[in-house]
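Paired with chain B in one complex and with chain C in the other, chain A is shared by the two complexes that follow.
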Partner chain A sequence: MESLSDTLWDIVICGTGLQQSLLALALSRSGKKILHIDPNEFYGSAEAAFSLQDAESWAHRVSTGSGGLFAFASITKPEGAVDLSSSRAYSLALAPKLIHARSTLLSRLVSSRAYRQVEFLAVGSFYIFRPPQDTQNPTLVRIPSTREEVFSTTDVSSKAKRQLMKFLKFVLDSEASPQLETWQPYADTPLTGFLQQEFNMDAELQMYIITFTLSLEGNISTKDGLAVIRRHLSSMGLYGPGFAAIYPKWGGLSEITQISCRAGAVGGAVYMLGTGIKEMETVENEVKLQLTSGDTVRTRMLVRASDSASGQTGINRLVAVISSPLSSMFQSIVEGAPRPAVAVIAFPAGSLSTPAGRASEHPVYLSAHSSDTGECPVGQSVLYLTTLSTPDAKAVLERALDIFICPTSGDEAPQVLYQLQYEQRTGPDTFEVDGPIFTFPAPSPSLSFDDSTLVPVREAWKRVMGDAAVYAEYLVFDDRDVALDDNDVYDTW
Partner chain B sequence: MADQGGSQHGIARTSRVRTEEQKNRDLERIARYHELEDQVRARVAQGDYSSAVFQLTSKLLRLNPEYYTIWNVRRRCLISGSFSKPSAGSSCSTACLTSSPTATTAPSSISCLSSSSATTPPAPGLPTAGKSGTTADPTVAAAAEPPGAIESAPSEAESHDFTTLKSELAFTIPLLLESPKCYWIWSYRLWILQQAIARLRPALARTVWEEELGLASKMLGKDRRNFHAWGYRRHVVGQLESRSLQGSSMVEAEFAYTDRMIKSDLSNFSAWHSRSRLIPRLLEERAADEAARRAFLDKEFQQIREALNVGPEDQSLWYYHQFLVLNLVYPDKHPAMTPGFTVHDRVAYLKREIDEIKELLEDYADIQLIYEGLFEYTLYLCQLERRNPKADERADLVEWLAKLKQLDPMRRGRWADLEREHELTAGGSDV
Partner chain C sequence: MADSNAPKPSSSVKLVLLGEAAVGKSSLVLRFVNNDFQENKEPTIGAAFLTQKCNLPTRTIKFEIWDTAGQERFASLAPMYYRNAQAALVVYDLTKPTSLIKAKHWVAELQRQASPGIVIALVGNKLDLTNDEAGAGGDAEDVGAEESGDARKISTEEAKTYAEEEGLLFFETSAKTGYHVTEVFTAIANAIPETSLKTARGPGAAHAASRTEEQRVNLNGPRDSNAKETCVC
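On to the complex of A and B.
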C-alpha cells in the first residue's frame, strides 16, 4: 500500500464540517484519491455534537484561544445537580439548525441515498413569548401557520385572522404577478413596514410573521423575509401533516457530517482525525502540505474551512439541560401528525430585560429539544438559546432561560442541570479560490438551514471533477446494495 | 401489476419510459403471470380447491388484485378447506353464499355447497353502497347466536377460524397499500368480516371489527377525502353499533371524529357531510331540549363562520353553512335541529348570518361564493317572512349580481336567469 507521502492526492479536505463532509459524500463514488483530515479528535468541526466530556474539552480549548470562530466558552453545573446522567448520554449540538422540508439539502440526501442513515424528527410549532401583562403570568402563544391553525387559534381576532389569511396566500404566490409588483418597491426595507402598509397589520400580528423568519436582527428585509416565510409555508405538510421542518436525530447537522464522512470512507477516502496542517506551500499546480502528524503530502487541490472572523456581529448561545420532559411543548396538534421533537419559542426584541434594567435589543430564540432527539436522556430536555452578540447578550439569554422554566401553575420549576455558554463569530460568507486552494465560507449562525450553504460544495466538487463533472450526477447515486430480485415477489406468500 | 387507479387527490400520474432491459423484464413477468393463471384455472376446472390452489391464488392476487374471479376461488378454498367444517346449523351455508354477486362464479361442480345452488346469495355492503350495507343479515346474526349462549372458552374450531380470518385480513393489507381503491380487495375484506360475525362469538367478532375501524381511520388519515373510505367507515360503525356485535351507539365518538378531521383539514367535504348526517341522532341521544338544541345550533353556526372567515373560497364550507341555513328555512323537509323555533326565531338567526357574512366583504371583496351566499340567503329571508325584497335589499341584490357577473362571466346565462326571475333588471344594464 502506498504511504501518504507517495500518493499524489486528488484532493485533501481539511475539516469535517458540514460543507467539507458533503463534499466527501459528493465525491464518494468518484474514485478520486481523497485524504480527509481534521485537527479535532472528533467529526463535525463547527457542526459537531458533544458528549459532556467532549464539551468540556472543547470549551477548554476555546477559552485558551484555539477555538477558531468560537470564543468565551464556559460550563456551569449547578450545585446538587444529582440528576445529570453520564457523559455519553448527551449529544449537545453546536449547530442545532432546523431544516425546512423544501430544502435542497433534503433532496440531495435523498438522491445520494444518504438519507437512509439519518433519522429525521418533526419540528413542531413556533411560539411567541408574551411578557407578563398586569397581573397575568407570561404566556406562550402558538403562531398559526396554516389555514387550519388560524381557524383553531383563539388568540387572534376575526379581522386579524382575515388579514393573516390574505398574507399567507400572498406569500405562497409572492414570486408571481401581481404579488411581485406589490412588494418589490419594499424589497430592501423592513418587512414590518410592508406588513403595516399593505396588510394593515398591527404590531402584534407583525410580530407573529417576523417570528417565522427566525431573523436574528429582528428587522429582516421584505425580500428576504418573504422568501423565508414562503419556504416555511410551502414546506408545511410536505413530508406529512403538521410540520414544516425536520431535525436530524443525535445532534442536528452533526449527524449529517457523520454519515457523509462515513460514505466518503466507504468510497475509499482516507480519514485522519487529530491531524491538521502545520505548513503549506503551493508548488506549480499542486499544494505541498506538512501535516501535524509529521507526514508531508502533495495534492492537486486543497479544500479547507475559513477560520478568520469578519467584522460582522456573531451570536451568543446558551445550551441548557433541564430536568423536565416539557411534554406540553412536544404534542402534535394535528390528526395523524408525528410527535414533534423540537419546539421554537421567540422572545421578541424588548420583551426581556437584564438585571440592570435594560431591554433586550434583539430577539432571543429558544429551541427546545425533547429526549426524542437523542441529545439527552428521557425525562430531560435540552434548550438552545440564541441571540445576536451584544454586551448584554449573555445576561439576556440567562434571563430568557429563567423566565422560560418558571412555572405558571403550582408545579415545581425544573432544575437546570448543566449550562454551556459561548460566542460564535461570523466569517466570510463566500468561498475563496486561490489557485489549487479552495476555502469554504464560514458557517452561518442562522437557526434554520439555508440552501445557499450548498453552493460552495458544488463549486468545489466541480473543480475536483474537472471535465468529468456531470451536473446530473452530482449527489445522485444508486444504492450500493443489490436490488431485490423480482422473483422474491412470488415467494412471499 | 396492480394499477394505482386514477389520481389520488393531488398526486399526479407519471408516464414511464421503458428501456429495452425493462421491456424484456416485463415480458418475462407477463409470461410468468399467464403461467400462474393457467395453473389456477386448470385446477379449478377439475374442482380442485385444495391448499395448493389457495397458495396459487395468493401469488396471483399479489400480482393482480383486480382479478375478481380469483378472489372467488380463494373464498371457495377457504370454505372447502381452511374454515372449520360447517356444523348442522344454517348459519354456515348462508355465510358460504355471501360472495360478491358481480363476480363470475366458477362452474358449479363445487363439492361442499350441496344445498346452496338454489338460493341467491345476499349482497354484502360494497364500499359505495354504504346505506344498504349497514344492517347485518338478520338470518346470519340470529344463527350466529346459539339460543341461551353461555360464555365459554373458544372451541378449537372457533380459534382456528379466528386465526384464519386474521391471516386473511393481513393478506389484504399490502394489496390495499398498493391499490387502495380496488373494489375487489374491499369486497373480500367485507366478506371476511361477515364471516367473523357468522363464525365467531360476538365478543371475538367485535375485536375484528374494531380493528377494522382503526384501519378505516388510517386510510382516512392518508387520504382525508377518499369518499369510499368514509362510506366504508360508516358501514363499519353501523356494524359495530348493531346487535350482532353487541354494540351500542357510537354517535358521540363519530361526531368527535369529524371534529378532529375538520381541524386537520377544513376543506374536507366528506367530514362535514358525515357531521351533518350524525346531528339528528346526536341530538336525539342527548335528549336535547329546546335550549340545548339552540345552544348546539349556535355553536355549529359559530364554528362554520370561523371556518368561512379563513376559507371563504372553500365550497365545502359553504355547503355546510347552507345545510344549517336550510334547517332554518325548511324545518319540515330536513330533520329539524330546532323544531321549537318560531318563525320569529328563524328570521332572527338568518338575519344574523347575513350580517356576519357581510362582514367578510370587508377583507374578501372578490370571492364569488360570498356573493352567491348573500344573494341566496336574502331571498330565503324574504321567503320566511313571506314578502318581497324591500328597496334596500333589492339594491343589495342588484349590486351582488353585478359583482357575480364580473367575477364569473362564464356563467352570465345563470346570472341573467336570476335577474329575470327576481325582477332585478335595471333598464339597459349589461347582461
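On to the complex of A and C.
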C-alpha cells in the first residue's frame, strides 16, 4: 500500500464538519485522491453529537481553552439523578438544527442517494411562552401555522385570526405585485414594525410571527423575515401532512456529516481521526503539510474550516436531559401525519427575568427532542435551549429551563438529569481562497439550516474538479447498493 | 414467497460487518443479498452499503448492511459504521487463527463503543474448507484443495465457548456453499427484541431498537423534484 507521503493527494480535507463532509460526499465518485483528516477523535467537528462520556471529554477540552469556537463548557449532574442511563444511550447534538423541507440540502441528499441512510423525523408544533399575567399562570400557546389551524384555533381572537389569515396569504405571494411594493419600503427595518403598520397586529401577534423566523436577535428585518416565513409556509406539507421541517435522527447534522464521510470512504478516501495539521507550507502549486501524526504529505489543494472567532455575538446553549417523555408536546395534530419528534418553544425577549431582576434581552428558543430522535432513552427528553450571548445569557437559559419543567397542574415536575452548557462563538461568514488553500466559514449558530451554508461547498468542489466540473452532475449519483427489489425478500420460516 | 395480503410491521435494522481482511465478509453479504459467490472477489474499498429484506412470521426486517474493508489503515472508519448499529456480524476465517484474535478485538470494541443492546453474531466462515459434513456441500474435489483435506484451525468448541461467555450468537458458515448464511441473518433478526419496536418502555430499552417505518419521513415523497427556485448552492 502506498504510504501517505508517497502520494500526491488531489485534496486534503481537514475537519469533518458539515461542509467538509458534504465536500467529501460530492467528490466521492470523482476518482480524486482524497485524504480526510480530523484533529478530533470523533466525526462532525462543530456539528458532532456526543455520548455522555464524549461530552465530558469535549467539555473538559473546551474548558481548558482548546475548543476552537466553543468556550465555557460545563456539565452538571444533579445529586441523585438515578434515572440517567448508560453514556451511549445518549447522543447530544452540537448542531440540533431544523431543516426546512424546501432546503436545497435535502434535494442534494436525495440526488446523491445519501438520504437513504438517514432517518428523518418530523418537526412538530411551535409554541410561544406567555409570561404570567395578573393572576394567570404562565402558559404555552401553540402557534397556528396553516390556514386551517388559524381557522380552528381557540387561542386567538377572531380579529387576530383575520389578521393572521391576511398575512399568511400575503407572504405566499410576497414576491409578486402588489405585495412586493407593499413591503419593500420596510425591507431593512424590523419585521415587527411592518406587521404593526401594514397589518395592524398587536405585540402578541407580532411575536407569533417572529417565532417562526427563529431569529436569535428577535428583530429580524422585513426582507429576511418574510423570506424565512415564506420558506416555512411553502415547506408545509411538502413531505407529508402537518410539518414544515425535519430533523435527522441520532443527533441532527451530525448524522449528515457521518453519512457523507461514509460515502467518501466508500469512494476510496482515506480517513484519519485524531490527526490535525501541525505546519504547512505552500510550495509552487502544492501544499506541504506536516500532520500531528508525524507524517508529511503533499497535496494540490487543502480545504479546512475557519475556527477563529470574529467580533460578532455568539450564542449560549444549555442542553438538558429530563426525566419526562413530554408526550403531549409530540402529538401529531393532523390526520396521517408522522409523529413529530421535535417541538419548538419560544420565550420572547423580555418574557424572562434573571435572579437580579433584569428582563431577558433576546428571545430564548427551546427545542424539545423526544426519545424518537435516538438522542435519549425512552421516557426521557432532551432540551436544547439557545439564546444570544450576553452577560445574563446563562442565567436566562437556566430560568427558561426552570419555567419549562415547572409542573402546570399538580403533576410531578420532571427531573433534570443532566446539563451541558457552553458558549459558541461566531466566526467569519465568508469563505476564503488563498492559492491552493480553501477555508470554509465558521459554522453559523442559526437554529434552522441555512442554504447559504452550501454555497462554499459547491465552490470548493468546483475548484477541485477544475475543467471537469459540470454543475448538472454536482451531487447527482446513482444508488450504489445492490438491493433486490421489494418482492425478493427472504422467507425465513 | 412473501404473503403480500397482510402488511406486516416493517422495521429497519442497521447491521455492520467487521473482521480481518479476506475472511469472507463481502462474500457472506453477496450470498445473503444475491445468493451468489465469486471465487476471487475484489477486496472492498472503504465500505459498501447494501440492503436486504428478511421476512419473519410477524414482521419484516429490512437490513441496512454496512460491509467494511478489513484493511483499514487508520482505524478511523469502523466507529462510523457501528455507530447506531443494532446488529453486528463479526467474522473470522476458521482456517486462520489470527482472524479469531482480530474478531475478539472487534467484539471488545463493540461492547465498549457501540450502542448498548447491540446484537452481535460471531461467524466462523469457510466451513467448506473443513471436513465437516455440513459445510462441505458435496463438492469434494473443490474442497480438497488444502493438502490435508481439513484446513480447520479453530475448533467449533473453542469459538462456541467464547461466544457463550460473551453472549454472542454463533454460527459456522460457508459463503461458498451458502451453508448457514441465511440462518445467521434470521437469527439476528429474531434476536432484535420485538418489544423495542414502538412500544418499548423503560430507559435504554429502545436505544438500539429497530425503527418503525411509520415515523420516518420519506424524502422520496411528493416533493416536486425540479423546484423552480434558482439556487447557487
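Here is the rule we use: the second predicted complex is superposed on the first by the 481 of 493 C-alpha atoms of A that agree within 3 Å, B and C clash if a C-alpha of one lies under 4 Å from a C-alpha of the other, contacts with A are read in each partner's own complex, and residues count from 1 in each chain.
Rule of thumb we're sticking to: a contact is a pair of C-beta atoms (placed from the backbone, for glycine too) under 8 Å apart; a residue touches a chain by one contact, two chains touch by 3 or more.
In this text the structure is predicted, and so the values were computed from the model without any measurement.
*Asks:* Once the structures are superposed on A, label A:Ala101 by its partner contacts, choosing first (chain B), second (chain C), both or neither.
*Replies:* second
*Asks:* So in the superposed three-chain picture, is A:Leu172 touching just chain B, just chain C, both, or none of them (first/second/both/neither)?
*Replies:* A:Leu172: touches no partner chain.
*Asks:* Return the chain, chain B or chain C, that is in touch with more residues of chain A.
*Replies:* Per-residue touch count on chain A favours C.
*Asks:* For A:Val150, select first, second, both or neither according to whether it touches chain B, chain C, the two together, or no partner.
*Replies:* The answer is first: A:Val150 touches chain B but not chain C.
*Asks:* After the superposition on A, what does A:Gly379 contact: first (chain B), second (chain C), both or neither?
*Replies:* The answer is second: A:Gly379 touches chain C but not chain B.
*Asks:* So, A:Leu109: does it touch chain B (first), chain C (second), both, or neither?
*Replies:* second
*Asks:* Applying the touch criterion given at the start, work out whether A:Met272 contacts chain B, chain C, both or neither, answering first, second, both or neither.
*Replies:* After superposition on chain A, A:Met272 lies in contact with chain C alone.
*Asks:* What is the shared patch of chain A, the residues that chain B and chain C both contact?
*Replies:* 486, 489-490, 492-493.
*Asks:* For chain C, which residues count as touching chain A in their complex?
*Replies:* 1-2, 12, 32-34, 45-57, 60, 64, 66, 71, 73-74, 76-77, 79-81, 83-84, 113-116, 182, 185-186, 189, 200-207, 211, 214-223, 225, 227, 229, 231-233
*Asks:* Which residues, counting only chain B, touch chain A once they are in their complex?
*Replies:* Residue list for chain B touching chain A: 25, 29, 32, 55, 58-59, 62-63, 171, 221, 260-261, 263-266, 306-307, 309-311, 359-360, 362-364.
*Asks:* For chain A, which residues count as touching chain B in their complex?
*Replies:* Going through chain A, the ones touching chain B are 147-148, 150-152, 158-159, 161-163, 165-166, 241-242, 334-337, 486, 489-490, 492-493.
*Asks:* Going by the contact rule at the top, pick out the chain A residues touching chain C in the complex.
*Replies:* Interface residues on the chain A side: 1, 42-43, 83, 85-86, 88-89, 91, 101-102, 104, 106-107, 109-110, 115, 117, 119-122, 238-240, 243, 246, 249-250, 258, 261-262, 264-275, 338-339, 341, 371-372, 374, 377-380, 451-455, 457-458, 480-484, 486-493.
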